[in-house]
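Chain lettering (A, B and C) follows the sequence in which the chains are written, and residue indices restart at 1 in each chain.
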Amino acid sequence: MLFWERFRDNLPYFLEVLIPAAGMTVRISAGAFVLAIVVGLALALLQTMRMALITLVVRAYIELVRGTPVLAQLFILYFGLTQVGIRFTPVQAAIIGLGFNGGAYLAEVFRSGIESIHRGQMEAALTVGMTPMAAMRWVILPQALTVVAPPTTNYSIALLKDTAIVSAVAAPEIMFKARNLVMETYLSAQIYLLVAIMYLGMSLVLSWVSRRLERRLAVSRSISDETVTFA
Amino acid sequence: MSDLLAVYREHLGEWLPQLIDAAGNTVRMTVLAFILAFIVGLALALIRLSPLAPLRWFASGYIEVMRGIPTLAVLFLIYFGLADFGIIFDAFPAAVLGFGLSGAAYMAEIFRAGIESIHRGQMEAALTVGMTPMAAMRWVILPQALRVVLPPLANFGIALLKDTSVASIISAPELMLRARDLASSSFLPLEVFLLAAAIYLVMSLPVAFLTRRLEARLARGQAHG
Amino acid sequence: MTALLKVVDLHKSFGATEVIKGVNLDVAPGETITVIGPSGSGKTTLLRCINYLERPTSGHVYIADRLIGETWDGKQFRSVGDRELAKERTEMGMVFQRFNLWPHLSALDNVTLGPIRVLKQSPEQARAEGRALLEKVGLGHKADEYPERLSGGQQQRVAIARALAMQPKLLLFDEPTSALDPELIGEVLNVMRTLAREGRTMLVVTHEMRFAQDAADRVIFMDHGVIVEEGPPRQLFGQPQHARTREFLRQVVER
């Protein structure tokens, strides 16, 4: 069919533009993912402190961030904050926006993961003279890791796809570069098909990596052996 | 902070009616896409249970592909890509189609989990009173599964409401697009987008709270069940 | 120092319900005390108040004349911070009804986590001492096993070794055999008998009357949040003074 022949001919040029863009997609995803984990963990741990005011603030933040569209948050960061003199680059806005948004989501995942660990585990740790924080570090969080791994890796895959949205603030990732390519060549069908294939490929790879990681975490106990014996 | 309030005092009367009007489109888009996703998703979930392998593979394939592609890419394919083949959609229908077909994959997974959560014994009991598998599905499994899937469905709907903001990128007439227009014409993006975000919040929070209460009640019910 | 553990006028309420209604208790060094009583009598809560897993509503706890969980600032008692409380808890070991071993760590690592992370011992020293303790409870050969592969009785013995590893002055046992299958109870009680004979100071909440009779220096009977009667086992079991004590013992024997 003519479509596929033309597609094959144009492929090298498309890839020349889109593969570096894919690199940017990965970079933005990775940056946002790390930020989301840090923010999520901080918010979850804050909630375990059981101080009414802190819990209230944290919950309000989570409700606010999760109850509004990511796109709105990106626009506020990229366009809105310029009114108060804060100017982010598209990539900065993308990572900060997606990261803090993801942090609100992961906070819930981490909190319920931590709470799923039986209270007796914490009590036993307190009984050997650990502070609650030390107990978190050596007893609770290592166990919670296995519990939160699947939802966290699922989130990473969703995050990868969500980076497409940051094209709206002109971040030079796949979707943005693809639109430019279309404006240049008018070959919408071919280009967006390629885009879909690229995202699908990246998702499947990330999915595969995630399943393997989950399996290793569930089976492997030697991780904790190492943390205990090497002071 | 006081500047913020001053801006709102001056512009709220002008902005709010426009944004609420556009929010009506957002709701309409959400409802239509939800219905489409529900129907297609349910069909996919049932096809997945078919004894015919090719049908199962088709359904599984569809789900895998749709879950691996950003919704925005699906929107672009439908709105721009299909135009190359002479199939032209307006932005609003393209958005409904895109969110519906993409969401169908998540719906299918929700239904699958719901169906699988119904104890095997229920199907077996239905078969022993002489029902066909299809009849058992219709009268025994699905009615029970529907209760189980209610919270995930509600959560999907809430997420969909917020995701429709992405349709602004193909200029579909909904809340976010109107907000962008107002933001650029007024040069006050911060106030406009905060207001738009607040409207999304007002739309989504009550449903979110109700859903959480529903989840809690169902969880208690399951414990005694 | 006369009493190793001193509990003074302890009260504990959960919301509107008062569970401990004024308990006074002195435990001398080397004493083994068993606490018996019906469910709901407050015996477990008493134990958990002593190491401040539950915060007493009023009253005070002293270990070796040191105030636990609070300080006196000259005008009033103030709660003590997490770090200080953690340090105070190193003086007391606890063995739980449901063992509460840490499943992601081997038996040896369960025993050595406290010494390494809290007492800051070197891993080599901690592991050597940990192995010795596991030998002592009869599980030297299971040092590298994970809790899920150990029987209930074995897990509880590891839990005892874990408590001993912190070199506590006082050992608290919260119904240590109640969650065990009958044939596994003996191995745990034997370890406890050994510890009692060695002169450890132990406070044991239990339903095992034979253990109370054999190993205890003193038996305390609690009911409805108060100590009804206490005394040497021969006296309490042989000639109980109070009607409630007699009633309880009768029920227990009939089982």
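The working rule: a residue touches a chain if its C-beta (ideal position, glycine included) is under 8 Å from a C-beta of that chain, and two chains touch if they have at least 3 such contacts.
Quantities reported herein were computed from a predicted structural model and do not represent experimental measurements.
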| request: Would you identify the chain whose C-alpha centroid lies closest to the centroid of all protein C-alpha atoms displayed? | output: A
| Distance-maximising chain from chain B - centres being C-alpha averages | C
| query | If you average the CA atoms of chain A and of chain C, how far apart do the two points sit, in angstrom? | reply | 46
| said: Using mean CA coordinates as chain centres, what's the gap between chain B and chain C in Å? | reply: 55
| In angstrom, rounded to a whole number, how far apart do the mean CA points of chain A and chain B lie? | 21
| message | Two or more other chains touching the same residue: where does that happen in chain C? | response | none
| said: Multi-chain contacts only, two chains or more: what residues does chain A have there? | reply: none
| field | Touch list for chain A against partner chain C, complex | value | 118, 120-121, 123-134, 138-139, 142-143, 221, 224-225, 228-231
| note | Residue set of chain A touching chain B in the complex reads 63-64, 67-73, 75-76, 79-84, 161-165, 167-168, 175, 178-179, 182, 187-190, 192-193, 195-196, 199-200, 203-204, 207
| request: Sort out for me which residues of chain B touch chain A in the complex. | output: 64-65, 67-74, 76-77, 80-85, 162-163, 165-166, 168-169, 176, 179-180, 183, 188-191, 193-194, 196-198, 200-201, 204-205, 208
| field | Interface residues, chain C side, partner chain A - complex | value | 51, 53, 82-83, 86-87, 89-90, 92-94, 96, 98, 100-106, 109, 112-114, 116-119, 122-123, 127, 146, 159, 162-163, 165-166
